[in-house]
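Letters A, B, C and D mark the chains as written, and numbering starts fresh at 1 in each.
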Amino acid sequence: MKNTFGHDLAVTLFGESHGPAVGAVLDGLAPGIAVDESLIESRLALRRPFGTISTARREPDDFQIVSGVYEGYTTGTPLCILIPNADVQSGDYAKNRTLARPGHADYAAYCKYHGYEDYRGGGHFSGRLTAALVAAGAIVISALSKKGVLIGTHIKSCGGVADRAFADIPADIAELNGKRFAVLDEEKGALMRHAIEEAAADGDSVGGVLETAVYGLPAGVGEPWFDTVEGMLAHALFSIPAVKGVQFGAGFDMADSRGSLFNDSFFMEEGQVKTASNNNGGVNGGLTNGMPLLFRCAVKPTPSIAKKQSTVDFIHGKEATISLNGRHDPAIVHRARVVVDSITGLVMGDLLTGCFGSDYLGGD
Amino acid sequence: MKNTFGHDLAVTLFGESHGPAVGAVLDGLAPGIAVDESLIESRLALRRPFGTISTARREPDDFQIVSGVYEGYTTGTPLCILIPNADVQSGDYAKNRTLARPGHADYAAYCKYHGYEDYRGGGHFSGRLTAALVAAGAIVISALSKKGVLIGTHIKSCGGVADRAFADIPADIAELNGKRFAVLDEEKGALMRHAIEEAAADGDSVGGVLETAVYGLPAGVGEPWFDTVEGMLAHALFSIPAVKGVQFGAGFDMADSRGSLFNDSFFMEEGQVKTASNNNGGVNGGLTNGMPLLFRCAVKPTPSIAKKQSTVDFIHGKEATISLNGRHDPAIVHRARVVVDSITGLVMGDLLTGCFGSDYLGGD
Amino acid sequence: MKNTFGHDLAVTLFGESHGPAVGAVLDGLAPGIAVDESLIESRLALRRPFGTISTARREPDDFQIVSGVYEGYTTGTPLCILIPNADVQSGDYAKNRTLARPGHADYAAYCKYHGYEDYRGGGHFSGRLTAALVAAGAIVISALSKKGVLIGTHIKSCGGVADRAFADIPADIAELNGKRFAVLDEEKGALMRHAIEEAAADGDSVGGVLETAVYGLPAGVGEPWFDTVEGMLAHALFSIPAVKGVQFGAGFDMADSRGSLFNDSFFMEEGQVKTASNNNGGVNGGLTNGMPLLFRCAVKPTPSIAKKQSTVDFIHGKEATISLNGRHDPAIVHRARVVVDSITGLVMGDLLTGCFGSDYLGGD
Amino acid sequence: MKNTFGHDLAVTLFGESHGPAVGAVLDGLAPGIAVDESLIESRLALRRPFGTISTARREPDDFQIVSGVYEGYTTGTPLCILIPNADVQSGDYAKNRTLARPGHADYAAYCKYHGYEDYRGGGHFSGRLTAALVAAGAIVISALSKKGVLIGTHIKSCGGVADRAFADIPADIAELNGKRFAVLDEEKGALMRHAIEEAAADGDSVGGVLETAVYGLPAGVGEPWFDTVEGMLAHALFSIPAVKGVQFGAGFDMADSRGSLFNDSFFMEEGQVKTASNNNGGVNGGLTNGMPLLFRCAVKPTPSIAKKQSTVDFIHGKEATISLNGRHDPAIVHRARVVVDSITGLVMGDLLTGCFGSDYLGGD
């Protein structure tokens, strides 16, 4: 079940960038979750390109809920959400069909699908499919928030500029969720946007690091093997095109240090067990420990760039050069952020449904 | 199916550190894979503690294959491998039963299992269970090598010392697989061991980074969503106690750079499509691209340290201090390396079995 | 993953009878399977009501392939097929919303979904969803036939009339697949239709037994535990509303006999191992044995009948009577037949893909 | 995950008849279930051959719980139970290695495993593996009974003799669970045993029908597609060697009748919704409806018989005859009964854990 993820709350993804539509089926949703279409719209808006730092492709992201909702509430049966593709220009892609765009899946897809793949706009590999994840995730995130579980992501770094760390997490999350360019320090955000524009002007692109916090999870969620909180999240997060690394808490920084410095010592606060630091990112032994979940995703620079690159014509087996003059994003880190939130919501929804039963997310 | 991982070749893990045994069931193995018990022994030996840089617990790791092998070959039915626990000293653990060891899962496990967990030696959370993964992995790694798929891991960094990069990958893998302390540059290895001993002398511990190469994979293995090569590997790798980050290719370094610098341009070599660099770690769009798979795991410093730490008695809800005077590893990065190899073998075996069918790994 | 079935070729089903559409996602299809839309149409036509022996609801079953097909061939990525609901009359259902129709899921669904279920026309429980299975199955059945695997189902008995047994199976299958009322003996079919019309005239309904043959399977497909050919098929077949029994070969008749009479003795024919009888229905120990697969499904009489029945108002907790005057089928056995074929195709496609790899069904 | 069954409570089965042991891993068990080893022993005793109506192979069924239990309670981590094989005589089997025993899997297994299968005593296909299911099931059945869910099976028919129907189900279940030859009417039981002895005297065997009741399930358990209560149970039940048919409620009898006769009309009793008859076997639309679950399994006559049978030498491709003079059961229906109970318990445990969460079965 390759394009399906989750055990008790599962998402199945389908669609191609230039086909009729992309979409997702959410299975295992509790009955009785209020479905607010304007919320889904606003979440999709966060993923859409905007301004001078994004592709010129403009999809309205009109979505249709095809099943699983009746009179404004989830029914408990599979919810299928469909997002038609509207603003499709396949010409550029057909021209380059035989050329492997560096950093893209064209060649690997050709090897896997033997030429039958719908290559237009990246086909099934396109970031376009994340729109369906965002729509599906919006419903779950909304249900989680009624349980006190809050999710937010900021651009931790981009173009050599670093945002401030999470501080008051619930407040920070609330602030981030209203922003299209999600930073905690707006001055740093302006510098990041400037760096993106500079890269665009050079016919180039930049990457970035996203940092996510999940607040309000009970302790003891997850499994020791193999469905650790870390493993389940990483599995799904690596689906996001361009994510090349995932780390929890201090992650790779811990690897270079000593236990006495990075062990999170415990203390009591108002009858609750807490840790003085959170280098483990809220996870011990694969389980939540009651502290906020904290993790980062490395987003590589968008591989589609205008600069001329060396490549191959993989059908004719010869070398070539390529310049991508279509509508491309000089960065996607700011758009990927709501995708990370959405996947996080789906995974948390799955784990909590497994713990507390199939009605859990629908309770009041 | 929490403690089971894999689709077409699945591993189920069971056991507790101080229970009768740990073990694994491998399901989906092709019939006709030669099972070399001395190879399993030698792989288990790589995981065992040794010298002054490891715990004093010494398990012989006598294993028993309980099913799935007949006359030296896999039968194609589930292979259960059992490793009895021998050198068990539970006294220390009972004394500290109510105290949350910082960086460990004691408190989280208590929240999840409500006090019914077998807490002795970390119970089901213990790194001891990785012995079963190593034994199971040895069989798959051996079958993969007959298909030309080679796996090797080195300690990329530890205690502030960095090993050299992979160069001639097949040769490097062959070299690493014979070493107990797996580095490519022995001088650097000596410095690392010294750093570990220093930490041990301080009652402290160190972490490290492991880097793995998989050579010989065909292009086109993996799925775009959700069972990307990256996602499948990361899911399983995060089960390894102490792994807090996983990145592919240049990983987090890509996030701070530009597309023109990190896109891997393609070229032809002897009729084969190759990339000039390998910043994507052999994966594009979730699929192998024919280049070696390259990834890194961040291993945190062993949380069990002799230094006094602040903590809580989570049963009585009060603060406390703890000093861990049992038999502990000042570093586990060198022992975790063979676990990373094993998990990699299991995941690659699963993906390739899915691609090429249930007899694939058993062919000659 | 409740509404998803299959390992290597999986189908996910969604939709409600009176919602916007029903549909299915097929994941794991090989790339390069020719998709013939007219074939899908003709298979859907076999499921549609017709004549005086079916409901008056007439759905055109216009379907849309939303993803996974490009230029007439499967791409290898998820194929989503959507069938809009057109001829919807929800009035009758709203009137009876609080009454449990005997033999239907209304009350059980209310208990499960707490009143949030879309009850109109049976909602997600409606036989309407089988249209999506038929459309999906058509693609797989077509691919299987190119591998020499043929599937056909006849009405073994209905209204007290029995059809003749399978004889020349490939010829019988070819004949059945052209018929809307699938019997091998047309005279018996006329008697069955007469019995259905009689029941309809009485405001009543009849059931029937479907018998399916699968010809051309290699020996050795399936698993000993739990994914036996029998178990996989039965799991999926029991999803068909009204199926209350599944048996293989001589099934329940074997239970009353002796081993010497029902063991299928082996013999050689043109170098092939065959059995003299086929009481085991082509399955030994959960695996195909090279003989045709033979099984039967018991289809209960349609529970929606015009006759007055005792029931309860489950919302107000009181007794009531109900007469179902909507558009109902006096029998569905003749319509269920193509659903059985379709599910059989999906399950065989899954098992064979697991055996022979992800490209298998797409090969020439 | 072929040899694993279940979503939230999963069982993995391993072992061969003449290998070191058979066993099972139960994953997803709630923490805090009391594990009574004497209960497991008594359930295993019900499966063991006895008297003159069973094979002379006598296994003590000494089992060992290898993991997942601490101080008498489940820990919530995987429970592995191991049952060593003791009374093994492989000689007879080696002699007949190349001959396909009619009704057995030898030939199909050879096709699947290419000769690598452990053929001794049926290997992984042996009914011996059901001992592990019985041991695992005993733990779950015990936990279910504390929730008011009771499971019992009787021999509905054997050798042409029919037992009486279930009447007072809780009382009948209690009575059955104390019997080795589980019938409700002892006189009928004596006749059945006589029929078995007669078949044995003829060098022949008989089959039978098992009927199971599950009492105390809440309404609304199960899924409409594909994980219906019927489908989940049938999937697992068809693993039992010799089960060739599964039907719910009136099953195949419904197929020959009319809706007005077999619809179960609803009524109120003490504020509860009930049905006047139970032809649907407690399931509507795949979900429990609050009435007792009722189903039957067709068990074919034991295929191992002393009578001479025609067969083939499948390795040398020639015809042969075979007489099975080993230790065989003239009937297994009475031994299969506790296996049906056990699988039923495992499936119910899985479905209820999915509904009510991972702690459900462990609550007091």
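Operating definition for what follows: a residue touches a chain if its C-beta (ideal position, glycine included) is under 8 Å from a C-beta of that chain, and two chains touch if they have at least 3 such contacts.
These figures come from a predicted structure and were not determined experimentally.
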item	value
Comparison of C-D and B-C (more C-beta pairs in contact)	C-D
Most distant chain from chain C by Cα centroid	B
Cα-centroid distance, chain B relative to chain C, in whole angstrom	45
For chain A paired with chain C, centre-to-centre distance based on mean C-alpha positions, whole Å	38
Chain C and chain D: spacing of chain centres that average the CA atoms, whole Å	26
Multi-partner residues of chain B (each touching 2 or more other chains)	1-4, 7, 13, 77, 112-113, 124, 224, 359
Residue numbers on chain A that touch chain B, as the complex places them	1-5, 7, 13, 100, 102-113, 122, 124-125, 129, 157, 160, 199, 202-209, 218-228, 230-232, 234-239, 241, 243-252, 254-268, 271, 273, 275-276, 279-281, 283-290, 296, 298-305, 307, 309-312, 314, 317-319, 333
Partner chain C, residues of chain A touching it in the complex	1-4, 6-7, 10, 12-16, 19-23, 25, 27-28, 31-32, 64-68, 70, 73-80, 82, 112-114, 116-118, 123-124, 359, 362
Chain B partner contacts - residues on chain C that touch it in the complex	7-8, 77, 224, 354-360
